[in-house]
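In the two complexes that follow, chain A is the common piece, with chain B as its partner first and chain C second.
After this line comes the complex of A and B, so read on.
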């Protein structure tokens, strides 16, 4: 054996000698991770392949093809469509509004801290409160918005019309997430060196050129992060659907999460099917996040 | 070359800038001739960068005027001032390639794509950057980044170059080389340079004129030689020159109603002198040796050429005789601290 190989073996042996100590240090987080993440995840995978009665009883293993059946089912496909449309409505608009507000508030003007507080306040608003607020705003008989908009908003009401219900829920969700986007983008803006703007200004760049050549590219990593988080939030939204529409009317707002857990869901109380949908949602979301990060990351600049 | 041949002198009239009640620049009047290489020199916080930023249009004067080419530009946007600025941090766009960075000022001005590519490549060639055009700033060394910043400034042939401590992030060797290159660049471009630094070596070696500032005020303007040979105040005398000029309080050595200044290289040793001093420290720097002397309670530094081996002559603790030759003395008023001609 050469001396180099001997040294490598010795190093490996030394590392293994530390293993029990390392394991002891890792135990607390492993226990928490195992109990609250890994075990439930494995259990959901297991449940998802079991065929159960419509009442949820008598579950038994019968191969893994229930996942395929569920994926192909009309109910799953419709809920997936609703979820994707909901994301396409909420993420781009939420991102654009958040950036716009953050850029507007990123000025050294007296009283601006008041606006910052107002713009970020939705972070401190729970989904339940935000949804209730919008429920009343959109209510066809007592809501202010119904009064202003008229038409469908008066009868049957934006939340009760198949064509507008998803839009209405999306508006509520955009509003609720705006504070988060605003805060993260504001932090991103403050990390852009002032001399980049000054240099562009001396070189003659107007406000729009500074925004498109300095602000947006320098915000790249922030926008990617917020985009991924907002997308995953949109896919996992539940409270809005439950409180505003209950999945209706006629399934037009039955998202994947509502299909899993909602009171009016067609698979309510069939834990095998519920778990299967949940696991498929997990898979879809994982694939989507990977695609987003892979696709955008090449064009994002992370500093020197 | 819009300004080639045009006069691009910069004149500051009673320029003042107050930030939240703090006067950063106080009544500065300065004439920078066309094609001059003017150095604004002073310690940090003296207001020199603020003056530069007012010339570039990044700060509005509280009062006073900025004139470029004879026109008052106080209310003129930087775009119309025909001024380029090189920042201490270089302020390169990290997401753009070197080529796109250099092209940016032209892109802003609506120059067509092939034209600006050609001009950017010419500017890059001038600074030896041709092989780096496709790289991002993050892949370049500090010296290369500094050149990109310079290329971006020269690409649109501005009338006035403003530079804010552009060499302070370079290592000593590169700084020396770049000093010489900037002087050559100035000669070639026939533009007006306004250059801010706290480094007296840069001021002495690069500038055609030096404006020394202290606490927001202008202390002296002159050629580097004038400022060194005839400092207008105690501040200038002690800020320029390494080690700084010795300033003797009244009654020490000379019985005159002035502060007396003498540069270290002009302090002479003479065993027969009646002025006695004690050697307290000897610093051998190679090309020179600094001998620190206590004259009574006053510390005086004498500079001796390195090839004279003073260690044989003087030792710490020795008592020696020193001479301050009259022709090398500077006199300053003890209340105004200004120069007094004898």
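After this line comes the complex of A and C, so read on.
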């Protein structure tokens, strides 16, 4: 009895004894995360209901309805549409290409390490490098692709035509993300136990059946992870629009982030509206990750 | 000889054919960039696919006009500061979550978890005015301080710390090692592969940042390589090969870094690098 009681007090004392040390260890992270992640988010929520002068001063409350007004505005709806279309163009194709490359390279044959290095290589390109590379390639005045494709590619250029600009940016983005997808899917493939393939083989499954009944289900968690990363990257894309199209022509490539921060931003001088769009962007991304994780979870095989 | 005509042999030939064509597709933009960067300005339209009229003049001019030397120094300084700080802050907070018991631990950990859901793009508006109020526009502090700690790093390191056997801490205590001694001499050395991966990941994502430096660096001397490329591309919009030469200069160092640290990269990316 008494020993149990002393043990309990000792445990409680120990619980508190470590507290100051724990606080000291956590302080650096807490200060940074508080000042540059949590505070700005809360502040943006607050700013989002205000209207300000072009200088950003004299902010007055405009009511929380402002969020609804912004959401319904033509500019926001167009930017949201551009962003959604951009992810639909980039994510499925990027994922499929990455899986295809990884499966292709998943065999110990001569020269494979060289192919793997090449397939991973685009992970080394930053958004600025990749975008300017494709800008050079698509530039009608320099002309390699323009000569080959002809038509709009030659004049006014794929990036300056309303019908093709978003596609052109999407191609650059798919290319830039391919290295990342390849690396992660390759690691996923290597973690599939070989005996699963052997038993499928013994059961008489051909190559395609082994791919669709073993590889794809076992890759589930990896594909979910890559899909979530690629989608959230697509929704946060900024640099490729800034460098390739400047949001044009006619706003056909003005994504949500470009609407807030871009050169052609109609709300750049109004910190209230900017904050409102930023908060809505946060909401959209949050909803997206929740949906994606819950939706795919049911069909994903997590192993044992 | 006989195998090359068997179905298995043909399949191998097909695989190589696909591998080679994918290689060509992926390397094509890189090749066109390299060829363009080594051509003089007036010859850029000739043989865009062949290295003719090779010269270093375009690269030299891009280096000078783009102020790329200074930008490379800035990017390196910022990326090194952020990398070291992220590893240190991650180790410290991960240790608290993994080895210490204190009231409110779950709650604080939940707060860390929540910050992972906030996209950086949603906070730039406010962060810019914070940095401006601190007088940190166009400075290393402005470029680095907001990124000195991440919840991602804390999670990653905590995950490793949790796999260390409990007896290890007890044994260390018997040997008279306090928390700091245990952290320095046992926990950190055992977590080294993960710390290496985290370091490379931090370095890369800091080096590749685009929106933040273009937002707070308004003077040429405070550009990183990414915002510097933006300035170069806008100033020299009618000289595409000058811009592409600048791009080559910026791309090269990071290609080399990744070639050297390939293994850490794979580990870092597969560990759940949610924040792209």
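We take it that the second predicted complex is superposed on the first by the 273 of 304 C-alpha atoms of A that agree within 3 Å, B and C clash if a C-alpha of one lies under 4 Å from a C-alpha of the other, contacts with A are read in each partner's own complex, and residues count from 1 in each chain.
The working rule: a contact is a pair of C-beta atoms (placed from the backbone, for glycine too) under 8 Å apart; a residue touches a chain by one contact, two chains touch by 3 or more.
Not measured: the values here are computed from a predicted model.
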Three-chain arrangement built on chain A, chain B and chain C clash or fit: fit
First, second, both or neither for A:47, with chain B first and chain C second: second
Computed vertex angle (chain A) for partners chain B and chain C, CA, steps of 10°: 80
When both partners are placed on the shared chain, which of chain B and chain C touches more of chain A: C
Which superposed partner A:122 touches (first chain B, second chain C, both, neither): second
Which superposed partner A:37 touches (first chain B, second chain C, both, neither): second
Contacts of A:220 with chain B and chain C, given as first, second, both or neither: first
Touched partner set for A:178, first chain B, second chain C, both or neither: second
Chain B versus chain C as contact partner of A:195, first or second or both or neither: first
Least Cα gap, in Å, left between chain B and chain C after the two complexes are fitted on chain A: 10
Doubly contacted chain A residues - partners chain C and chain B: none
Contacting residues of chain A [partner chain C, same complex]: 14-16, 18-19, 21-23, 25-26, 28-33, 35-41, 43-44, 47, 56, 101, 104-105, 107, 109, 115, 117-129, 132-137, 139, 141-144, 175, 178, 180, 183-184, 186-188, 225, 228-229, 232-233, 235-236, 238-239, 242-243, 257, 260-261, 271, 274-275, 278-279, 281-282, 285-286, 289
Chain B-facing residues of chain A, complex: 193, 195-196, 198-206, 209, 213-214, 217-218, 220, 301, 303-304
Partner chain A, residues of chain B touching it in the complex: 56-58, 77-79, 83-85, 87, 89, 91, 93-96, 104-105, 108-109, 136-138, 152, 156, 162
Chain C to chain A touching residues, read off their complex: 12, 15-16, 18-19, 22-23, 26-27, 29-30, 32-33, 36, 44-45, 48-49, 88-90, 92-93, 95-96, 100-103, 105, 108, 111-112, 114-115, 117-127, 129-130, 145-151, 154, 179, 207-208, 210-211, 214-215, 225-226, 229-230, 233, 240-241, 243-244, 246-247, 250-251, 254-255, 257-259, 262, 265-266, 269-270, 272-274, 276
